[in-house]
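Let me begin by presenting the structure, written as C-alpha cells, before commenting on it.
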Amino acid sequence: MTHPTEDVFAIEAQGIARRFGARWILRGVSLHVRPGEVIGLLGSNGCGKSTLLRMLATLLKPTAGSAAIYGHDVVKEADEVRRNIGFLAHTPGLYDDLSARENLEFAAEMLGGGHEDIDAVIERVNLSHVRHERVRGFSAGMQRRLALGRLMLTKARVLLFDEPYSNLDTDGIRLMNSIISEAARDGGAALVVLHELAPAAGLLDRTVTIRDGRVADPTAALLAEAELAGAAGISVVA
Amino acid sequence: MTHPTEDVFAIEAQGIARRFGARWILRGVSLHVRPGEVIGLLGSNGCGKSTLLRMLATLLKPTAGSAAIYGHDVVKEADEVRRNIGFLAHTPGLYDDLSARENLEFAAEMLGGGHEDIDAVIERVNLSHVRHERVRGFSAGMQRRLALGRLMLTKARVLLFDEPYSNLDTDGIRLMNSIISEAARDGGAALVVLHELAPAAGLLDRTVTIRDGRVADPTAALLAEAELAGAAGISVVA
Amino acid sequence: MTSPASSPEIQVPKAGSWPVFGWFTLAFMVFAQWYAITTSPADRDMGDLQKILYVHVPASWIMSITFALVFVYSLLYLWKGKDSYDLLAASSAEVGATFVGLTLVQGMIWGKPTWGVWWTWDARLTSTLVLFLVFVGYLALRAFIDEPQRRGQWSAAVGVLGAINVPIVWMSVRWWRTLHQMQSTPQTMEPVYRNGLLINFLAFTLLAVYLIRRRYEAAMTARAAELALQAAALGGG
Amino acid sequence: MTRVRSQGGDHWRRIRAIAWKDLTTERRSKAGFNAVVSLGITILVLFGFALGPDAQALRDAAPGALWLAVLFAGVLAFNRSYQVELDTGALEPLLLYPGARWTIFTGKLLANMLFVGLLLVIVVVAGMVLFAVKVPEAWPTVIAVLALGTIGLVTLGTFYASMASRSRAREVLLPLLLFPMLVPVLLAAMQASKALIGADLMLEAGAWIKMLIAYDIIFVLATHLAFEHVIEA
Amino acid sequence: MTRVRSQGGDHWRRIRAIAWKDLTTERRSKAGFNAVVSLGITILVLFGFALGPDAQALRDAAPGALWLAVLFAGVLAFNRSYQVELDTGALEPLLLYPGARWTIFTGKLLANMLFVGLLLVIVVVAGMVLFAVKVPEAWPTVIAVLALGTIGLVTLGTFYASMASRSRAREVLLPLLLFPMLVPVLLAAMQASKALIGADLMLEAGAWIKMLIAYDIIFVLATHLAFEHVIEA
C-alpha cells in the first residue's frame, strides 16, 4: 500500500447537511480526520450517523455542504472516492445463493483484483469451515464476518463502519479491531459508528458526537462518554 | 399481572435439538429458568442462539427434544405459549407504511387489548416526537425502540431478547434494562442473547454458554466470560 | 432420548421382494403388449397406428390413480404429520407427472398422423394438459422449498386443493367444448380391443405401484440416513 | 392471565385489524392501486393489438381478454399482500400473536376482495369501451357472475400467495400454482359472461353460475381449513 | 494505488462477473428457469381458453398470444434479476465498486438475454404445437424477427426493472412502465411473425423488420447512457 501525502485530510467534511422530506437530519457537520486516525462517531438513535456515512460513501448526495476523501470531492469525483473508501453497513449485502468463497470471488472480479488473497481472507475472518456453503444459511455474525472479508479485499484506505460490533462474538470483535488498527497504521483512517465504547477500547484516537444535526462541542462529547461508561457499569480503559 | 405458581419453571428445555439440512446446530440443549430469573445466553457466531430462541418462541419446531414455557409445551400447546412469551428478534418486524402509533394500535387489536396504554408506551420508549410519522424513515435504533414498545403491550411473562442492545444508544440501553428487570420482578423471566456483558451488567442472574450445540459446562462458561471481559478491555462490575 | 417432534418413528422400508416384483412387472408388461398387439386387428382408419392405444390409455389411467394417491396421502400427512405420508404423496406425484407427460406426448404423436395436427382443443386433451400443469405446480413448489417440514405442509395443501379441482376441471372443460361444436373424438371401443386393453391396464397399474414404491424407498432411505445422523449427534460426544 | 373473552368478537377484531392494516399500507404506498388498474388497462390494450384490428374478433374475445387482464393484474396484488409482512420481517410478530390463525387469512381475503373487486369494475368498464361491447340486458346477472368469479380468484390467489411469497421464486411460483387451478373459474366466468352479453340462452349461463357457486364454496372452506397448516410451517 | 489497468479488459471482466453471478444464482434457485417456462406454457393454455375452441381464431391470434406469453413470463425474469441485489441489500456494495456503472447493466442484459432467449425458443415451439401453426417457409427470417424482438424486450425490461425493482410497487411498476414502451416492438414482431407465418408479402414483413432493427439500436444505446443516472438515484 502506498503512503499518502500527509498534508491532505483522509476525511474532510465542510458543513455537510442532509434533509429527508421537510426534516433536516444533519444541519451542517464539519469533520476533519487525518491519515492514521481512528475516530468514533457517537450520537443517539436517529441523529443521522448512518446518513453521514452514506454521504461520505457516495451512496447519498448531500443537500448542502461538501465532503472530500483524500481531497476527492464525494459528489464530483465519486469514482475516485469509491476507489478509496470501504463501507461496512448495517446490512451485509451478500448474495444468498452464492457460497462464501464465490461472494468474495465476485467482489474480486468487480474490483479488478486477483483471486490469490481470497483464501487468506476467508481464513482470517474464520469462515474456512463454511467456505463452500451458501450464505443463505449463515448466522448474523457469520454474514458480518464475510462482509468484513469483502472489505479487506478492497484495499481501501478510508474505512467507514456502521456499528461494526453488532452480531459479533468476542473473537469477531478482536478481529474487527485488528483490521481497523492495521488500516490506520498503513496511513489510512477509519470512522466508526458505535453506541458503546467498550469493544473499541484502546482503538479510538478521539470521538465525535452528533447532536441536533451538528457536531456537539467537545465538552458535551466528553460528558456523553462519561455518561455512557457510567450507564453500562464499566470503566473505560484509556 | 398474576403471579405464577413457583413450582413450575418459566422456561424448561429438555435435550432440545435442531438440524438444518444435514447439519446439526443444536444437539440437545437443556435449560431451566425459574420465575424471576434473568439469564444471559452467550456463544460464538453461528452457534445457534437465535435458533434456540426461535424454538422457544414457537416459530421453529425442534427436530428433537422438547421445551415448555410455564409448563406449556412449545409444540403441543403453542397457542398457550404464545400468550406467555414476548420475543424481540434481530429484525424489528414493523410495518413501514404505518406510523409508530398505528403499528402499536395494530398490535393492540391483534392482542385483544385496549388502546389506553399505547401513548404511555410510546412515551416510555421515547418516540413521542415521531409518533405520527411513518416507520419507513426511522433509524435502526428508533425501530428497535418501537419493537420494544410492542413487546411491552403484550404483557408477556417470559421475554426472549436476541441481542437487544444492538443499535441502541445509552438511553436506549438503560430503558431496555429497566424493562427486563421489571418483567423479572413481576414473576416473569428473561433470556437475553448477548455478545458483551457490559450493557447488561448488574442485570443477569447467571449466564449460559452454548458451545458445539450444547450447554457448555459452567467452568468453561466462566472462562468465556473472563475472556470476554478481557478482550474488550473492561472490568465487569459484579 | 426423547423422540423427535415431527416424526416419531421412521420405519426404513425394506426392499424385500420388491425387485422380484419389478422383474415380474416387466415380464408381464412385455406379455401384455405382445398379447394386445397380436390379438387386435389393424384398425379400419388408423391401421397399425391404433396399437398406440395400449400404452396411451393405460398411461392416462395411471394419471387418475396417482392423483387420487396424492390426495389421500396429503390428507393423511396433514392429519397425522408422518414423514412417510409426505414422501408417498411426493413419489406418487412424480410418477403421476411422468405418466401424464407420457400420455400427452403419445397422444400428440398419435394425433399428428390421425388428426393432422399435434394438438386440438378437445375436452379430454385440454383437461389432461391442465392437470399436468397442476402436477407441475406441485412439483415446482417442492423444488422451491428446502425445509422438509414446510415442504411437507405446503405441498400437502397444494395436493389436496389440486385434487379437489380435478373433477371441476374435467366438467368445466367438457362443458366449454360441448357447448360448441364437437371435435372428432376416438370412436368407442370394439370388443376385440378390449381384452388387450384390460390386461395392459393391469400391467401399467403394477408398474405404477412398483415405481412409487421404489421412489418412496429411496426417499425414506435418505430420510432415515439423516435420522441416523441425528442419533449419532445426540448420543456421541 | 385471566381475561374474559368473547371468541367471536375477538376473531372479528383481528380480521378487521388485518384488513384495515393491509388496505392502509396499500393506500399509503400511493401508486399501488392506481398502478394495478393502469396495468390492467394496459394489458387490455395489448390484447387489442394482439388480436388485430378486426372488430368482430375483438368483441368475441372480449370476455376472455377482460378476465385475463384482471387475472394478470390481480396476481400482483396477492403477492403484495404478503410482501408487506415479509419485507420487514413482520410475519414473525404476526405469528406470535396468540389466537386463531385463520383470522389472518380472512382479513387478507377481505382486503384483497375489495382491491380486486374495484380493479375488476374499472377494467370491465374500460374493456367494454375498448372492445365496443354493449351493456347486456341481463346486467344484474353479469354482475353476479363477476362477483362469483372474483371470490374464486381472490380466495385461491390469497391462499397460494401465502406460500409462494415465502418461497425463493415468489413471482413465478404464484401464477404457476394459481393459473391451472383457476381454469374452471375462468371458463365459467367467461362463458357465463359470453352467454349473457350475447343475450344467449339463460339456461347455459345458469349451469356455469351453479358451477361457480360450488367452486367458491368448496375453496373458501378448504383454504380456511388449510391455512393454519400453511402459515405455520 | 498505482495499478496499470487495461480499460477494456476491466470492463469485460466486470460484465462477465455480473452475468456469471446472475446466471449462477438463477441456476441455484433450482427450478427457476423450469418454472418460468412452465408458466409461459400455462399462459399459452389460458390464451387457448380465452380465445375459445375455434381452431381458425386460435391460429390467427397465435403470434399475438405467443409474444404476450413471452412478455408476461419474461417480465418476471427482469425483476428477479434485481431482486437478488435487493433482498439482501447487495445493491449498495455493488454501487460502491469503483469503475463504470454501465458494465453492471450490460452484465445483467447478457444474463437476461440468455434467459429470455431460451424461454422464447421453448414457448414458441409449444405455441406452434398448441395453436396448430405450421413451420413457415421463411423460417430463417422468423428466427431473425424473434431475435430482434427479444433484444428490444430484454433491453427495455432490464432497464426499467432497475428502477421498478427499487420502488415499493415493483411488481406492478415494471409492467406498467414496460408494456406501453414495448408496443412498437411487439407490434412489429407480431406483424412480422404474422406476415411470415401467413406466407404473406415479404415486403410487409421487411418494413417491420427494419423498424425492429432501428428500435433495438436506439434503445440499446439510450439505456446504456441512461443507466448510470438511474442506478445512482
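List of remarks:
Each chain gets a letter, A, B, C, D and E, in the order it is written, and its residues are counted from 1.
Operating definition for what follows: contacts are C-beta pairs under 8 Å (C-beta built on N, C-alpha and C of every residue); 3 or more make two chains touch, one makes a residue touch a chain.
Note that this is a predicted model, so its numbers are computed, not measured.
Contact with chain A and chain B alike is made by no chain in this entry.
Centroid distances built from C-alpha atoms place A farthest away from chain C. Fitting chain D to chain E on C-alpha positions gives a rotation angle of 180 degrees, to the nearest 5.
As a whole-number value, the distance joining the C-alpha centres of chain C and chain E reads 35 Å. Averaged C-alpha coordinates give centres for chain A and chain C that are 57 Å from one another. Chain B and chain C have CA centres that are 48 Å apart. Inter-chain centre distance (chain C to chain D, centres taken as mean C-alpha positions): 31 Å. Residue positions of chain E with contacts to 2 or more other chains are 29, 31, 35, 38, 42, 45, 49, 52. Contact of a single residue of chain C with at least two other chains is seen at positions 130, 133, 136-137, 140, 144, 149, 176.
Chain A has no residue in contact with two or more other chains. In summary, the structure contains touching chain pairs A-B, A-E, B-C, B-D, C-D, C-E, D-E.
Within the complex, the chain B residues that touch chain C are 14-15, 17, 19, 21-22, 24, 27-28, 61-66, 75, 213.
Taken in their complex, chain C has these residues touching chain E: 108, 117-121, 126, 129-130, 133, 136-137, 140, 143-144, 176-177, 180, 183. Those residues of chain D that touch chain B in the shared complex are 1-3, 5, 10, 13-14, 16-18, 20-21, 24-25, 28-29, 84, 87-99.
Across the complex, chain B is touched by residues 1-6, 146, 149, 226, 229-230, 233-234 of chain C.
Looking at the complex, you find that chain B touches chain A at residues 20-21, 23, 43-47, 50, 90, 130, 137-142, 144-145, 163, 165-174, 195-196, 198-199, 201-202, 224, 227-228, 231-237.
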